[in-house]
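Take a look at the structures below.
The following pair of complexes shares a single chain, chain A, combined with chain B in the former and chain C in the latter.
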Partner chain A sequence: MNNLVDVAIQYGPTLFDGLKVSLSLTLLSLAFGLPLGLVFAFGVTAHNRTFRYLSVFFVEVGRGAPALVLLQLMYYGLPNADITLSSMASACLALTWTTAAYSAELIRGGIQSVPPGEVEGSHALGMSYRDCLRFVVIPQGLRIALPSLMGFAVLLFQATSLAYSVAVPELMSQAYSIGSSTFQYLPVFIIAGLLYAAISIPATWLSVYAERMLSRHL
Partner chain B sequence: MIEPNIRTGTPVVRVTNLAKAYGSNVVLRDVSLTVPEGSVTAMIGPSGAGKSTVLRCMNLLEQPDSGEIEIDGHRINAGRKPNPKNLAALRRSAGMVFQHFNLFPHMTVLRNISLPQERVLGRSRDEANEKSMELLKRMGLAEKADQYPSRCSGGQQQRIAIARALALGPRVMLFDEPTSALDPEVGVEVLEVMKELASTGMTMVVVTHEMAFAGNVADELVVMADGGIIEKGEPGQILQDPQHDRTRRFLRAVLER
Partner chain C sequence: MEMLRAIAIGLPLTVLVTVLALMIGTVLALPIVAGLRSRNRILWLVSRLLVDLLRGVPPVVWLFILYYGVSIGAIRLTALQAGVLGLGVVAAAYLAEIFRGAISSIPKGQWEASSALGFHRATVWSRIIGPQTARAVVPAYTTFAIGLLKDSSIASSIGVAEIVFMSSQYARQSGEGIMVFFVAAGVYIILSVPLGLLSRHLDVKMRKAVAR
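And now, the complex of A and B:
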């Protein structure tokens, strides 16, 4: 127990820096991945063939391939094609892909559960297709998808630990390097685990709260 | 002063030779209908007769296979893909009220009525809200403006839907079984609003099972069965003395239950 406290005091700041990297990797992947997911959500059912095939490709590969494979592909694979990215950039790219693919399916589910009568209502009023999407379909679809998107964000935050394999100095890789230089693996991984939980658990509460707030009109 | 004869008023809606089939299932066969300005046309008939389909074809929510639709001078030929501008203009001229209201549940009552005015007519938010409040007052629902539709009864929601359609200043109002999803008691308040609307000279087409409304308020009664119009004319006359056997059977079923 003393050991745990000592490690926490001595290596806390380093682990905390790692946590900040994990969080920024999560936020960046969400910031790029969610808008892309919205585009793919429409893409997979689009009439335009090129758009549809591209969307299906990105969604299926993004969901089909493990995040770890995508990470390694971006970091170790792309240099073979003369594209060299920094570890952070390649991790960000890989997790953005994963986010876009998963969120596309979640958002598509949300959008499809908007009652068709409301779409008809807006057409009958003479509103354009774009306005119907913008004011009726997307706000409600996102609202329906939001709880599961927030749940996915928590999983993504935990998945950023995979980025240690491509040398991103995030929480897991900091813990690992502290462990390998001090052999204090047990306390350091306990602390790392607690730090992940300290973010994940309140985030889960937040998603429950958001769900309640957003269904006030029902 | 001579009473203007509504029967000879300029037609606001003209539907010519409308036909539609889903595969081998014919839903409309050669339906033609003219609705003069300021008149109320009620469409009755057994379910599956094609009444709602005719109404939904009028503003192209349903695409007919052939025929022509003209509302307030905007003409659309069913064979060709409609030009989006013309389609929007046609839909703007026709207000539609659905059986299940189709309000936007995530918007307040006021937003439901104001948003289409802003997007379709380009009104400012203030202008739109002013018009919305005026209509809500007319519907007796001013105090509901800031509520969400789910907080309103079915009858209130339907009156809100009527206000939303009226706010765009349509030349004709299309009602698709507006009281069928409501309790009979609640339906009355919607029918009152419709009567009031008719008395102000609004051109209306109403698909309904409310025989009293069809008999007392409508100027013209259209009886449909099996995808076609089998009888049309003065409501009193048809209800008293139907010419077609199918009409007689239908009326017996609805009036003597």
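And now, the complex of A and C:
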């Protein structure tokens, strides 16, 4: 226990820097992945064949393959095609892919649960298809999808811990390098785990709360 | 060819880790569900904290704690043991929540009717609540199993030579990094298809078994 406190005091700042990298990786992947997910959500049912096949490919591979495979593909694979990205950029690309694929399905689910009467109503009011999507369908669909998207964001935050395998200096890789230089593996990993838990547990509560608030009037 | 061989060598370990972790998770989930449903506040709180903690910390961290951190005397866990145990314990927390949700989806009337008919508690569980729970649990359980199949790749981080470990090694040696990871991704997708089909089959079969 004493040991735990010592390690926390001595290496806390380094671990905290790692946590900041983990958080920014999460936010970047969400910032790029969610808009892409919205595009794919429509893409998988689009009439244009090329667009549909591309969307299905990205969604199915992004959901079907482990995040670790995508990370390593971007970091160890792309250099073979003469595309060399920094570890942060390749991790961001891989997790953006994962985010886009999962959120596409969640958003599609949300959009499909918008009652058809809403679309008919906006049609009857003479709204263009585009306006109907923009002002009627998408806002309601996203609202329905919000709690599950928040749940996914928590899982994504946890998945950033895999980015240590492509040398991103996030929390896990900081913990590992402290561990291997001091042999204090157990206390360091416990503190790293508590830092992850300190973010993801309250975030989970928040998503449960959001679900309750949004389904209050249903 | 070399590439396919590398992946084929990793395949059995991926399946082994997934199956063992699922078994450990399923067994350990049962006492946790009992705790989550308990009226004893302390028991409930302990199980609640356990589930939140197991789910709140990423699986890699659990694997690292078990692999690098735990030594009982001179005994240390092997990579495979640590991987299976770590993923199994995390799975137990997720499965406990799935089971709890399924049990609470059983209509109250089923409980009331069974106690009105004077059934023994064991009979209520084995003949009335149990079978209905099993039916309700199938879709979520198989979805979780497919997720676990993908999460088994995390065991590569402590050196279990499963698909991702082998592909990564091959990629670094050969310079065919893009292809090998796409093939690995394809293998995971192909492996999850039969699980999905099995889920649908079980769901249909169990739905038929219920008279409405």
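Quick notes
Please note the rule applied: the second predicted complex is superposed on the first by the 211 of 218 C-alpha atoms of A that agree within 3 Å, B and C clash if a C-alpha of one lies under 4 Å from a C-alpha of the other, contacts with A are read in each partner's own complex, and residues count from 1 in each chain.
To be clear about the criterion, a contact is a pair of C-beta atoms (placed from the backbone, for glycine too) under 8 Å apart; a residue touches a chain by one contact, two chains touch by 3 or more.
From a predicted model like this one, the values you see are computed outputs, not experimental measurements.
For the composite obtained by overlaying on chain A, chain B and chain C can both be accommodated side by side without a clash. When the two complexes are overlaid on their common chain A, residue A:161 makes contact with chain C while staying clear of chain B. Looking at the shared chain after the overlay, A:53 reaches neither chain B nor chain C. Of the two partner chains placed by the overlay, only chain C lies in contact with A:77; chain B stays clear of it.
Contact with chain C, but none with chain B, is seen for A:200 once the two complexes are overlaid on the shared chain. For the combined model, the angle formed at the CA centre of chain A by lines to the CA centres of chain B and chain C equals 100 degrees after rounding to the nearest 10. Counting the residues of chain A that each partner touches, chain B and chain C differ, and the larger count belongs to C. In the superposition on chain A, A:16 makes contact with neither chain B nor chain C.
The least CA distance from chain B to chain C in the superposed model is 27 Å.
By the touch criterion stated above, chain A contacts chain C in their complex at residues 60-61, 64-70, 72-73, 76-81, 158-159, 161-162, 164-165, 172, 175-176, 179, 185-186, 189-190, 192-194, 196-197, 200-201, 204. Taken together, the chain C residues at the contact with chain A in this complex read 52-53, 55-62, 64-65, 68-70, 150-151, 153-154, 156-157, 164, 167-168, 171-172, 175-178, 180-182, 184-185, 188-189, 192. Residue ranges on chain B touching chain A, taken from their complex, read 59, 61, 88-89, 91-92, 94-96, 98, 100, 102-106, 115-116, 119-120, 148, 150, 161, 164-165, 168.
If you check the complex, the residues on chain A that touch chain B are 115, 117-118, 120-128, 131, 135-136, 139-140, 143, 216-218.
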